[in-house]
Amino acid sequence: MMLEHEGKKLLESAGIRVPKGLVIRPGRTAAERASARMERYPVAAKAQVRSGGRGRQGGIVKAADSAALAAAIEQLFATEFGGARPEAVLVEPWLAIERELYLSVAVDGRADGYVVLYGPRGGIDIEDGPPPARYAVGAAHRFRTHEMREVLKDHEPDYQVREKVIALAQRLTRTAALHDCTTIEINPLAKLGDGDLMAADAKVVRDEWAAFRNRDIAGQLEQAKRRVGRRLRDCLNMQHMYVRLDGDIALVSGGAGMTMAAMDMIAEYGGRPACFLDCSPGPTSTRGYRPAFAMLDADPQVKVILVSVFGGGTQMQRVANSMKEIMAERKSRKPVVFRLDGTNVDQVPAIFSQFGACNHARLEDAVAAAVRLAKGAQ
Amino acid sequence: MMLEHEGKKLLESAGIRVPKGLVIRPGRTAAERASARMERYPVAAKAQVRSGGRGRQGGIVKAADSAALAAAIEQLFATEFGGARPEAVLVEPWLAIERELYLSVAVDGRADGYVVLYGPRGGIDIEDGPPPARYAVGAAHRFRTHEMREVLKDHEPDYQVREKVIALAQRLTRTAALHDCTTIEINPLAKLGDGDLMAADAKVVRDEWAAFRNRDIAGQLEQAKRRVGRRLRDCLNMQHMYVRLDGDIALVSGGAGMTMAAMDMIAEYGGRPACFLDCSPGPTSTRGYRPAFAMLDADPQVKVILVSVFGGGTQMQRVANSMKEIMAERKSRKPVVFRLDGTNVDQVPAIFSQFGACNHARLEDAVAAAVRLAKGAQ
Amino acid sequence: MSILLDRTNRVLIQGITGQMGTFFVEDARKYGTQIVAGISPGREGARVGDVPVFGSVRAAREATAADTAIVFVPPAAVLGATLEAIESGCRLVVATADELPVQDTIEIRAAAKLHGAAFVGPNTPGLISPGKAKLGFMPSFCYSPGSVGVISRSGSLSYECCKRLTLAGIGQSTVVGIGGDPVKGTTAAEALELFHRDPETSAVLYLGEIGGTEEIFVAEYAARGDAKPVAALIVGHTAPPGKKMGHAAALIDSKAESHAAKVAMLRVAGVHVVGGLSGVVKTMQAALSPNMSAVHGATA
Amino acid sequence: MSILLDRTNRVLIQGITGQMGTFFVEDARKYGTQIVAGISPGREGARVGDVPVFGSVRAAREATAADTAIVFVPPAAVLGATLEAIESGCRLVVATADELPVQDTIEIRAAAKLHGAAFVGPNTPGLISPGKAKLGFMPSFCYSPGSVGVISRSGSLSYECCKRLTLAGIGQSTVVGIGGDPVKGTTAAEALELFHRDPETSAVLYLGEIGGTEEIFVAEYAARGDAKPVAALIVGHTAPPGKKMGHAAALIDSKAESHAAKVAMLRVAGVHVVGGLSGVVKTMQAALSPNMSAVHGATA
């Protein structure tokens, strides 16, 4: 997910109207820098964060003068939104909004491609209102103004707004396809006093698998890696998929569905998963698994590590050999529970016996052992 | 047409490999700035100009050390290419090119869209060689790797190069559509020692009519206007299409074909056209024509102005009234010859009689009069 | 007969409530064009003069059996409007707009092909079948009914040439503006094929210019054994290479696109090449004369 | 019978000379898959094992009557390879690649629809009709022939569940990995429809997860009067909202995409919802028992 000001820059490059904003990075002189450059008040100071619900959490502050702006900026930088401090504050002229609309373009499996959603009343309460109008576009070049017009007929009575929304949705859909965006959400889309529409907010999510043909997506991924600690960065460099949870049983797992199944089973057995960690997209070798152990071993919250891999293309004797190597070089004494299954699993016991490890045949047994160990460690 | 370094930036944003270059703007310290920042030699110093044939005119200089680079930059900035000094010099590492290839993607009416051209031997002599392989793509999303593979079969024997060229052409076609480019030409496309392909040059032409949805095209048009004098800029702001020629009979005309027909007729009658000036895309009103006269009146090369408009949607009584206003306010004494025809031309004589002008019924008569006046003025 | 357009076309106007749409209703009607409907989303139920306004092409077609659309909307809206007309079943769609991104033309042309519709545009005055109907802003007095089919890359030039033909007593079956863009809704080759099959058309006048490749197909047609006589005027003799002369496609990028190369190619193919604007009538007369048309290229 | 894949499919491998392609030849053949051709442009004429290599799908089809393609090429090349297979007439195309941009999937799916081909992928282990053939890297020992059709959004989870079924004596007709991406070559709804029409399939096991809308269609199918019994396991009970759990589509973005909402919806529709991995066999047995299948949702 891009920050609001990054998303707006993308929209602006496609000829979409956005407020003229000023991006303030954190730092001692942040407030001064902002006050020095804003000439007209009131302004909006907006926390730049990568999670939703900022509006409800006080992440947008109206400032009537330069002192108020300085105070707002200081306060925003000191606040956490969705567990993270703002990476920047965006200062924009306070808009004289006549009506807040909602417009988004997003990939949707049901539409075989993109779907456009429109609500005549946008803003932070959008989810509580009636469902938005839904135009299933499909492939972006299938967008048809007359089809969307038909869809909007019963949702937007003002035909001038309707026509502007259609033109904007057409532009957004093209932009999404061209820049490999999976979501472009504008909420609110501001109807201004002059009747024109302006993107007052922008939530843009890009398709990271298109990084090979979009250097800025690649750049964003690199940036995201720089924002995290070294150990997690090493994991991300191995394509591991990681989500931190609040439990103590860590997973070194393969396959998203199987990882979630193991998480669920840990909970079922009375334990608490410490993370979702799917190592299958990267190399299933010592090089691949090593950073996972390094991260989990260093994480004080983690009490036990459960290695759960059910491989098809991944051959189990190779995974077992990697585990042997990693266990040999590893300093941590955190217990590791193994459950390998799949291709060539019959070769695993012989390898495991070389370093005294035991491979559980059933996931249930491995999970039970991990939960037992975690409780013992408390 | 974009400068080489601008085009390369665009290619790079699409994940295409380009040399890591340094852009040096003109100025007293240009040579120093370049020398200070280049670490490895030899380098190529390349004049950044918007016309072709730079290579043959000495616009690319190899420099073996920092002194040679400084000299090259000075020399390049002092040279005119296609009538203009370089806007910048691009300094790049000198590439160890194993083979120069040619690859371009361009809009082509015969293909109902894009065409890809490939030559296994690129470089400055490309036009003298055998015709390139031609893959008619059509709409960009119609690109098919297997179709291009079939086309290249008899043109590129090295299948590894062939596959890389196909992948690159696919990327270029998508990029062209995405950024509304009418031409992306890479000549030479360098095959490096490691077998990889790199865009050693880039000629990118964008579709200015897509400026409404590509802010950088709009920006380029604005920049182009800033590069010309105030009077021409006023004309460009009125959407006039202007090409300067070397004669003395200027045209204020409507319609590209009709303007060329008038130019040709001037030559046929022994005169020399001073310009191509099509005023039809903008407002055909006093406001529209005024900057045209201001520019031509101020141009010492222009001896006579021939107003030649044959209007359909443009109504002649309105044009005649504009001419009346402009002739009244104009200071210049350069003779103006009129030939208006088309919708409501029957109302023209009455208006023209108010300021003593004569409207020629036939273009031949108007051209003959203009040629006569131009010769008399010499 | 004529091509694409005659008295039977039932025309709807997309963007009828704009300035151009309103002017067109009056002017084209006066010429005999059947204007049966207008489209202006949100203003359905209104009237422009006595023309009923609808919110969609489908609604207009259902109510009025319109089968032809002409589009007067801003460039950014042309793609949507033309695709609606094509996909709602219009058999002829005309978009005169200049300033249309070529990407959009490419898409519209593909859609028209898919749906078997004819698309004329962009960057063209439209088309006229003299004495029957017109779809565009060409000055009516320049035209008279007859047997010469005219194809033109340029608007004003076609008015000028048709006026000369009309004054000389040479009438036109249909005059099609194919436009000055590199990708065209209707190409010279396609227009030629239509004229070839039109029994009322006995010869063709092609008005071309430097740049682009359209003329290759004119030459190809003229070289066919069964071709009707073709005369052609190519303007831009004095245009310098490498410069765009107004039209996106009017740019000499290679030797083959120069005036000299085009004229030479057309001559070889048997086209009656006009030396300059002043020679249009004489060359056309020569092309039309049964004796001359046998002697390919003799008047060049 | 089975769906999409059986002993008659004549399979070609795109990217046969890569590591995965070479491994697949051996492994899939051992299972009974008919591998008749490989594609590797520039290496036509070579052989991988005894499989002849061709430069294009067309050439391979002409020489070997291949009708099914499996694609092992880098993500950036998947679009080109699958479009070639589809447009050259393959009736089934499998792309296991993860890391495919969703734009490319959208295009491939559209092309497959247009040409009446089935496309399975991306981000899937492929599909297997136990005892007949497999197209992918699933561990063969987990499967046995039978009458349960399996549809899975996740690879490993399907191996795990199928192994449990197999050990319990419940065989499978076909196991299709529909993948974890938001846009899919074959959707759950489409796979269900195929299983519905397959006389050899008597019940379906659906392996889903949080996020996305696929489960809506599973519920819709199960609610039909003529539906075959459906059991479903939805993983991600412990997944937090707003976080992507590996798969692009495994993200709880709204309440309807949560585990609880999906389970509730499936129950109402009469799906036999599995409580957790350990319950797969028991619930499947219940779904298969004629008495139980009449009492919708009783085993949930």
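Descriptive notes on the structure:
Note that the chains take the letters A, B, C and D in the order they are written out, and that residue 1 is the start of every chain.
Here is the rule we go by: contacts are C-beta pairs under 8 Å (C-beta built on N, C-alpha and C of every residue); 3 or more make two chains touch, one makes a residue touch a chain.
The shown structure was predicted, so the numbers you read here are calculated from the model rather than taken from an experiment.
Annotation of subunit C and subunit D: jointly contacted by A, B, touch as defined at the top. Taken together, subunit B and subunit C share the touching chains A. Spacing of subunit B relative to subunit D, judged by their CA centroids, is 53 angstrom. Here the spacing of subunit A and subunit B, counted between their Cα centres, is 44 Å. The distance from the centre of subunit A to the centre of subunit D, with each centre set as the mean of the Cα atoms, comes to 27 Å. Residue positions 141, 177, 212-213 of subunit B each touch two or more of the other chains. Counting partners per residue, subunit C has 76, 107 as the residues that reach two or more other chains. Taken together, the touching pairs give a contact graph of some other shape, not a line, ring, star or complete one.
Chain pairs that touch one another: A-B, A-C, A-D, B-C, B-D. Note for the complex: subunit B touches subunit D at residues 141, 144-146, 149-150, 159-160, 162-163, 166-167, 170.
Contact residues of subunit D toward subunit B in the complex are 41-43, 55-58, 76-77, 79-81, 83-84, 87-88, 107. Interface residues of subunit B, counted against subunit A in their complex, comprise 12-15, 141, 171, 174, 177-178, 212-216, 218. Of all the residues in subunit B, the ones that touch subunit C in their complex are 51-52, 82, 107-110, 112-114, 127, 138-140, 177, 180, 182, 207, 209-210, 212-213, 241, 243, 245, 254-261, 263-268, 273, 276, 278, 280-281, 309-313, 341-343, 345, 363-364.
Taken together, the subunit C residues at the contact with subunit B in this complex read 20, 23, 75-76, 98-103, 106-107, 109-110, 113, 125, 136-139, 142, 152-160, 163, 180, 182-184, 187, 207, 209-210, 212-214, 216, 233, 235-240, 242-250, 254, 276-278.
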